[in-house]
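By letter and in written order, the chains are A, B, C, D, E and F; residue numbering begins at 1 in each of them.
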Amino acid sequence: MLVVSAHAADYVWRAGGTIAKYIKNGAEVHLVVLSFGGRGESNDLWKQPGATADSVKAVRRAETQAAAEILGLRNIEFWDLQDYPIQTDEAMDERMVRKIRTVCPDIILTHDHNGKDVLNPDHNYVSQWVFRCSIMANSAGVRMEGLPSTRQMRLFGFEPHQTELSGFVPGSFVDITGTYEQKVAAMKCFKAQSHLIQYYTDRAFLRGNHARRISGNQSYRYAECFSNFFPIVGEKLY
Amino acid sequence: MLVVSAHAADYVWRAGGTIAKYIKNGAEVHLVVLSFGGRGESNDLWKQPGATADSVKAVRRAETQAAAEILGLRNIEFWDLQDYPIQTDEAMDERMVRKIRTVCPDIILTHDHNGKDVLNPDHNYVSQWVFRCSIMANSAGVRMEGLPSTRQMRLFGFEPHQTELSGFVPGSFVDITGTYEQKVAAMKCFKAQSHLIQYYTDRAFLRGNHARRISGNQSYRYAECFSNFFPIVGEKLY
Amino acid sequence: MLVVSAHAADYVWRAGGTIAKYIKNGAEVHLVVLSFGGRGESNDLWKQPGATADSVKAVRRAETQAAAEILGLRNIEFWDLQDYPIQTDEAMDERMVRKIRTVCPDIILTHDHNGKDVLNPDHNYVSQWVFRCSIMANSAGVRMEGLPSTRQMRLFGFEPHQTELSGFVPGSFVDITGTYEQKVAAMKCFKAQSHLIQYYTDRAFLRGNHARRISGNQSYRYAECFSNFFPIVGEKLY
Amino acid sequence: MLVVSAHAADYVWRAGGTIAKYIKNGAEVHLVVLSFGGRGESNDLWKQPGATADSVKAVRRAETQAAAEILGLRNIEFWDLQDYPIQTDEAMDERMVRKIRTVCPDIILTHDHNGKDVLNPDHNYVSQWVFRCSIMANSAGVRMEGLPSTRQMRLFGFEPHQTELSGFVPGSFVDITGTYEQKVAAMKCFKAQSHLIQYYTDRAFLRGNHARRISGNQSYRYAECFSNFFPIVGEKLY
Amino acid sequence: MLVVSAHAADYVWRAGGTIAKYIKNGAEVHLVVLSFGGRGESNDLWKQPGATADSVKAVRRAETQAAAEILGLRNIEFWDLQDYPIQTDEAMDERMVRKIRTVCPDIILTHDHNGKDVLNPDHNYVSQWVFRCSIMANSAGVRMEGLPSTRQMRLFGFEPHQTELSGFVPGSFVDITGTYEQKVAAMKCFKAQSHLIQYYTDRAFLRGNHARRISGNQSYRYAECFSNFFPIVGEKLY
Amino acid sequence: MLVVSAHAADYVWRAGGTIAKYIKNGAEVHLVVLSFGGRGESNDLWKQPGATADSVKAVRRAETQAAAEILGLRNIEFWDLQDYPIQTDEAMDERMVRKIRTVCPDIILTHDHNGKDVLNPDHNYVSQWVFRCSIMANSAGVRMEGLPSTRQMRLFGFEPHQTELSGFVPGSFVDITGTYEQKVAAMKCFKAQSHLIQYYTDRAFLRGNHARRISGNQSYRYAECFSNFFPIVGEKLY
């Protein structure tokens, strides 16, 4: 599994429980954090006297690493792009294609592709870009010495902060009852965004309610929700 | 699995391969054929000299049974409603709720729920109605002596004849490579709708192409496509 | 303000804070409870030994009245329709038109009109029906002795339980910080649906977060969200 | 061409210019007026002292006939259903199927099918119903002595009063520059809805502007706009 | 209030009445005209013999200033970007963020954000860009010496020329009866687009009709319509 | 007619029959092939030992020319852009505007504009870009020595590979029964994409079925389907 997070904490709020669960079950999970979110998602840090771009970045890096450790995530790369807005060029395309081919993931988790995050243009940009890079990675004509094209992987999208306004369509719920405590602990690392901890704690509870209602499985207590970039394909109906 | 088909042949064109596969894998599959499609889907039969409602119905029944036998389907009920338009009343509601509670299915397969079949109002009506009955079946307050409420099951929708015009959203592809020959043989039972045999043969090929493209699994040769009434819920991402 | 609730508790979960606030501010609020939700929303009550339709109904009535009292709601009518499914006829049309013309509301609050509640067909039915009756009430040609036609009122829709799946489009947020405690107390009257109390408590918190984010007003702590049946019309931009 | 109008004046506001043009060019046009709009669209008539259902109906009938005469329309039937709400039963289904088979139209013009008229539930109901009847008329299995099934005709929808709120999708513009004066004269027959005359005069001007912009044909001065029930099919691209 | 207009006349056609009203009521309104529309919206000016980019621009500037004066608008900036296509870079981002922080508006009026103007790609581009800049302006991490981050403002979108084709969703109507004459006078300054004066005069009349119908307030004679970038948030239901 | 194809073979799969038909009927058809599809659509060619960008390109060029010859297409330009991703700059804008003004087409055929090709970002990019260039070509203010602005032409979009997932809305069907054999022969030129030949052969059959069903014209055996960038405008209803 490859996780691409626009800002430092995105992957924790929206997918921390699922990532922890995959790791617990033995999956190899790789994380790319594109930016530290210094401009877009560190409002509280900038309120501290003497805050500078570097000091903010240092805090965010430390928090992200602490959170990742709690989730069991070992393979992290910080690409340290500027955010607000995040922008990429051809060299960055190549870097991402290379990353995808190196990891060769079954699943890519990134920002939602179908809707449009109404509060965060970076999320939309990153989603489109990761998707485009995945298509390039899968294409034999995009040549890279020693890195053959990948097989079509599955892609899933994080839910945005305000789902209905952002056209988010729930596609898959993952039960995170077993890793919920880990997720809460990981969220608590982001002291600058403390108001979000309660938010995503409550959301996991609501998603758990949804998961029970539509599956009939009463054992689900907490869940995370993702959009499906593609329909489900398989040997039966899931 | 419970399959509810508005007209006699609907379940074969859209889900014959999947039904055969489930049966092959040991599932218990029940079929309710609501109408023989005598008014809406038997144009060719009516061209035969001396055709009457009864003669048309008799042909459709025989064809449906022959097709079901080929698919391995043993549990069939013909409810013999009039079609064009299919209409239901409270007694029919109760009959369907009773059927659902008796079968206690994990999966209900019926007509598409999200879109609107632009060529066949019966399909829309049946889809809404089956869905409503499933909710009643799941509700403890809808009392039936000896038949407790069911647990929330999964529901999937057949693809309509002209998918794009009908707002059909593909949710799940099922590989039917292993039962494709059975499906073709079953379709051939419907002599009055011979033009549809080529149609759904081609469609299985196209859906196979789609299934390969979005899954990367090159072993899929033929597929059927369904809409998801609900998101997928589970222990991982499918 | 006229509130039309399909089942006994709907108005509390989705609009209790707003109703209490309007009453606090001196508005005259009328409530019509169409059904006691005995079949559709009383699963827990039916688990009690010896439960009957009448005993369930009696509990629901008592709970609803207790909740209404907490909210300050004095004008309640129980129409005692069967639910699952709720159905109406011409006499019921006339009764609702009569009610609307008698109350002459500035605002009607009922179930969401734009989307489609994916878990509760009664909500969709009631929404369409109330809307149709409001149009009849406003039409001078629908004659009722002594009850002249009403002026076009504003209509707003409750949010459904699973908003994204139901195509709910948030149109208006109402700050309920000042009546949140009342709402929580009112919700606690519904002992048979205790799992929903935590659900709608959390949701009020999330909606408060949304309200702050999109308005910039940091004083909002809890909020309720509604769909707009019509655009906002006025002397300025709200 | 068969035109089915829910209320007495609908066909004039939305399609008067097109109808006049078809007649001018030699087409045979049949009109069915389902209701006189006595309850829903005669507010001004009811303001007159001593107005009764019968007096309102008489005025509407006279106005409709006068308007039809101006447009050159000779084949009119008044079915005199109640409106607000318009409702149909099986006998009415049969009557409409019979009408369609008798006229055997190339084109059916009626209310919009894709969207949802946000101000007039009758329009939605009629549109769905006419469409369903057209499908029954085309089906050989719906037997009627002496009236063989029709060939699939084209269907187009009137634009509703508030197009954007009603999800109206413009599909076809018809230049009515040559019959615009006739349409204005016909509209003036409806004295009880005088505020609509200016409205639909302005709209014809706006639609003319749209028609010029998207076609590049500067000779179009006035136009009417319709939704397409189906895609355009033909020997070339129109 | 900050108004951002892609081309010189956009703000007059779509929002002239609202702007005049806000000014009349004492609001401070700032206008940024991004381009003179020399390439995209001056077809008639180019028909004059000897027209050059400079002569066209001079006419447009004079017309825009005359129109602004009629509306009472004093704070105008012409950024003189090329149009068809309008493009922006990082320096322009900074300029806009700086402008927003300097004005510190409660409301930003610009092109529609939800839909897609089917006839004018510049409008779509500008809308996305202004929105992105507003988010940057609100973010404490986007540092500008002496210009603190703004509080989340409300944003509203102009209606595009062909609303239905452009996916425009009416969100708010503003009564402009009191400033309608000013708007007409301001529109008449744009001699090169004389065909649009009638168009937007008629549209104000139609929007007035809509405003009356959905509000029940019969005093509205002319109105302008806007899309809401966000739901309405407040202490009550508007 | 001007056809703009993102990659070498796109125009054949999706529009080969229509192009051949127009040519047969005497139309002048111009084709611009933006890229050879060396990176994105030549997976099979890259499997050949010793394949290089140049060898792949040479094969694609030869195949495209052979296919064009079969369709009767004489006016082809290869712009030889890189694909995956295709990108354009200002010079390319000017080149396309110049091309459009030189050809002065009644119809532009290119990739779909309304939806979003879920498997091929190049298609989306090209569609937006061609559309923007068409608007510039039509604008008198975009000055080009000796090339006056064009009159608004009609634009139609190719259907994408997976239509439902890409939000494709069928707008126009063209009967290609008379040129179907030519299309099949042209498709067979693309040996590297042999799996697509069966795919688009089947699709032409399915589209023929759709065309018959919705038009009632039983003579259509094969068809191609396009989206409409604009509504149909004309003297009657098509």
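Quick notes on this structure:
The criterion applied here is as follows: a contact is a pair of C-beta atoms (placed from the backbone, for glycine too) under 8 Å apart; a residue touches a chain by one contact, two chains touch by 3 or more.
The shown structure was predicted, so the numbers you read here are calculated from the model rather than taken from an experiment.
Here the chain-to-chain distance from subunit C to subunit F, counted in touching steps, is 2.
Fewest steps needed to get from subunit D to subunit F, stepping only to touching chains, is 1. Here B-C and A-B were compared by C-beta pairs in contact; the pair with more is A-B.
In this assembly, the chain whose C-alpha centre lies farthest from subunit C is F. Although subunit E and subunit F carry the same sequence, what matters here is overlap: shared residue numbers make up under half of all numbers found at their interface. Once the centre of each chain is set as its mean CA position, subunit A and subunit E turn out to be 37 Å apart. Among the residues of subunit A, those in touch with two or more other chains are 119, 165, 170, 213-214, 230-231.
Applying the touch criterion to all chain pairs gives A-B, A-C, A-E, A-F, B-C, B-D, B-F, C-D, C-E, D-E, D-F, E-F.
Subunit C meets subunit E in the complex at residues 18, 21-22, 25, 107, 138, 151-154, 156, 170-175, 211, 213-217, 220, 223, 225-226, 228, 230-238. Listing the residues of subunit D that touch subunit E in their complex gives 119, 161-165, 168-170, 195, 198-199, 202-203, 205-206, 209-210, 213-214. Within the complex, the subunit A residues that touch subunit F are 93, 128, 131-132, 135-136, 139-143, 149, 229-231. Against subunit B, in their complex, subunit C makes its touches with residues 37-43, 45-47, 53, 56, 84-85, 118-121, 165.
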